[in-house]
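So the structure is just underneath, and the comments pick up after that.
Chain nomenclature is as follows: A, B, C and D, assigned in order of appearance, with residue numbering initiated at 1 for each chain independently.
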Amino acid sequence: MSDDLSSLIGKRIPMLDRGYVELQDVMPHPATGIRADAAIVASARVSFMGESKGEEADRKLIHYLMKHRHTTPFEHVVFTFRVHAPLVVWWQWVRHRSASYNLMSGRYIELPEDEYYTPTVWRKQSPSNKQGSLGELESEAGAALTQELIAHYERGHALYKQALAQGVAREQARLFLSGFAVYYTGYITQNLHNMLHFLKLRMADDAQHEIRLYAEAIYREFVKYIAPIACEAWEQYILMG
Amino acid sequence: MSDDLSSLIGKRIPMLDRGYVELQDVMPHPATGIRADAAIVASARVSFMGESKGEEADRKLIHYLMKHRHTTPFEHVVFTFRVHAPLVVWWQWVRHRSASYNLMSGRYIELPEDEYYTPTVWRKQSPSNKQGSLGELESEAGAALTQELIAHYERGHALYKQALAQGVAREQARLFLSGFAVYYTGYITQNLHNMLHFLKLRMADDAQHEIRLYAEAIYREFVKYIAPIACEAWEQYILMG
Amino acid sequence: MSDDLSSLIGKRIPMLDRGYVELQDVMPHPATGIRADAAIVASARVSFMGESKGEEADRKLIHYLMKHRHTTPFEHVVFTFRVHAPLVVWWQWVRHRSASYNLMSGRYIELPEDEYYTPTVWRKQSPSNKQGSLGELESEAGAALTQELIAHYERGHALYKQALAQGVAREQARLFLSGFAVYYTGYITQNLHNMLHFLKLRMADDAQHEIRLYAEAIYREFVKYIAPIACEAWEQYILMG
Amino acid sequence: MSDDLSSLIGKRIPMLDRGYVELQDVMPHPATGIRADAAIVASARVSFMGESKGEEADRKLIHYLMKHRHTTPFEHVVFTFRVHAPLVVWWQWVRHRSASYNLMSGRYIELPEDEYYTPTVWRKQSPSNKQGSLGELESEAGAALTQELIAHYERGHALYKQALAQGVAREQARLFLSGFAVYYTGYITQNLHNMLHFLKLRMADDAQHEIRLYAEAIYREFVKYIAPIACEAWEQYILMG
């Protein structure tokens, strides 16, 4: 079992056209043989100085904690992800202030020409939900739009390169770029409690499709395997509740 | 004196080509006649259940608190600013996780065509400081670059409008825009302790010029007037120290 | 209406035998004529750059925000309370990490002899809820217990005074005191979003009676008057939901 | 080398008369073979998408980060400690809001009679530092005071037991106890950046002796071994700087 979890460390899930999420580290680490659910239980049991009384009692305790929003025990499980995502996704992500972020900097480095998010499917504006999308553009019109997008990215990037060649500072030359589309790489460290809060908001129906893909990959490919009982309780009381 | 401070509420300082910072509110409010420095002192004195012993003693206490990093009393002074700034500035700002933000949403509204940051001066890449700038492009070359930038903004915006006209969702159509340049409006609420930390980092020499202008305006036009003794101590022990 | 709210500033509600909660300040301040609910709406409307469309539309927006857990607009309303409570209450309070605290220090000052919490009613241990109470001790037994408690407080305080007289440091001499009962004075600054979270947990049935009294006083005497629409929505979607 | 660090997990350092600190877990875990300093470097290098260029370059980068207060890379190293300490220590500890805490609860369990902090050395009040101590009581007077303290603890605990026997709720019966002296067990999870801030304040000369012992043990027995380069830089630029 712990072997299975070890294989999650360093596992990279491709996202969008050239993004990914990769589990960098987790505490407790699979190599220790300690399960995340067990770490939650251990910290919760300190309240009454009790010892674990077997798997079924542990499950009940985790369900009790989740149901009654005793959230602190879930803070002792911590994840680090390496994420590669366009700025339109990061722009929403970094608003979650409960995580630690380190991101690539467009001031330090020249942004590469092949690192733009290029959708192949174009979603239509939802008439009812002002911030959402509903349905898709037909494929021919979509393909044409994608071609125009690529051409616009290329024009912008060429101007960026030209400005850099003239000696303009990177921090300012990036004004030429199609900023929302630029891929950034970053590290995110967050505890399970705060991550579940992020996931609730960004796996929701009204979240933007792009960040939803990342949130769902984080949940379904990693968090759910690493803390299965906590996730089972979370789905029951918080996600569906 | 409190009349002077009242005039700061709602005062708008123009920034860059079409941005601004405006003090929306502050606690304690000038209308109460209570000075921010007095609120700091009042909360600090609760440690030893003491009363204020006059202005000179208050000044000494604030200097003592700042010098010895007793930071909590500075958390009881709270500011709300309304800020209009390009995304390149917000992208750095929102990384400060100790503030409360509400921002305009490019998912909710169509971004207007005349709301792009257009520099007239182009800074050159610093050879020594990899993330900074040094000196300026000569004015003729700069003017030409600005014209290219405006033309590129217009092309991108036209494509954005065209995509919207085809029914594409706003959240996705914005990929066409020169994202770093788009002006966003937002509310920022932050206490004095956390604001001074933000200001130290963003008024620094190595901060990007654009956000420095905002940080300096916040400090010199508002914070310094509202909490003059705390700012005097901060300059002495933290900014210069 | 704003006159009514102004009278809340400085209003002190007695708690337990010698405690109190007092509203020290609030942003927006009543003297400005701006209602807290209006500040919430103003910050939320920046998302779509909209203006207030009257009271009924504002109410609907606040309900929408609360129902869908769009919590950031509630962070721009900020309260400062001055609280006088026994350590048994503070011990639970300071675990809420989203507030700014300044407290009296038993290292700085000699703790006074008449500042102990002395209950007149003794609650019985709940048989079902391991952390709670149910029912009361009969009055005669209770009165006897209270007398023993007072006598024990006095013995402890006399030993504390004796240790101080011998030159022992206050920080160490306090080991003699009945620490849970000692009254501390403190300042608490917290925004509405975080305060409502605190209130949900500490107004709950399973919260300890003493802190529940404080939480309920804060809610019913202050917060509910200052942000009536937000509180109405909170009761509907969060407290009862 | 990684073997040495593995032996730190579960290592318990005795503190005061019956307390301890024990490293429960750390991310990155020694079993992974990844050093904490390497994790700091890896997250920092994402800024410029660079790879590690050997130990000396890594050391320089960490020194640069610490010197210029680029603090986020230090947030990806996370510790969990199990701590057993008297409330007088926890009372100060939990005021650090940047950690995750789970503590034993005096509402859930009956506090045991042999779990009181009993100093053998009594420190004298500092005449110059109002919140500190200087020198010690002579040993004979100190021994007598300790005997009085023990007797007072016993009287209080007997009254607590008597109240419980009468059916009084644990949450209220604890008023009889010498609360500052009661040992509590707790879990603390905190990242390296926030832990170093805690350590700076609590290893300082003016910190109370008891919490200083815990802070110094955490630093000298654990943190310093786990992140030696970060600690070397911290001592140079922050602790001594």
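Points to keep in mind about this one:
Here, contacts are C-beta pairs under 8 Å (C-beta built on N, C-alpha and C of every residue); 3 or more make two chains touch, one makes a residue touch a chain.
Keep in mind it's a predicted model, so treat the numbers as computed, not measured.
When the interfaces B-D and C-D are ranked by C-beta pairs in contact, the top one is C-D.
Comparing the CA-atom centres of all chains against that of subunit C, the greatest distance is found for A. Each chain gets one centre point, the mean of its Cα atoms, and the points for subunit A and subunit D are 32 Å apart. For the pair subunit B and subunit D, the distance between C-alpha centroids works out to 36 Å. Centroids of subunit C and subunit D (each the mean of its C-alpha atoms) stand 28 Å apart. Residue positions of subunit A with contacts to 2 or more other chains are 48, 101, 105, 108, 130. The touching residues of subunit D, when paired with subunit B in their complex, are 48, 68-69, 130, 201, 206. The touching residues of subunit C, when paired with subunit D in their complex, are 87-88, 91, 94-95, 97-98, 101, 105, 107-108, 117, 119, 122-126, 130-133, 137, 141, 145, 148-149, 152, 155-156, 159, 163-164, 166-172, 174-182, 208-209.
Residues of subunit C touching subunit B in their complex: 9, 25-29, 31-32, 34, 39, 42-44, 46-49, 72-73, 75-76, 78, 80, 82, 100-105, 108-109, 185-187, 189, 191.
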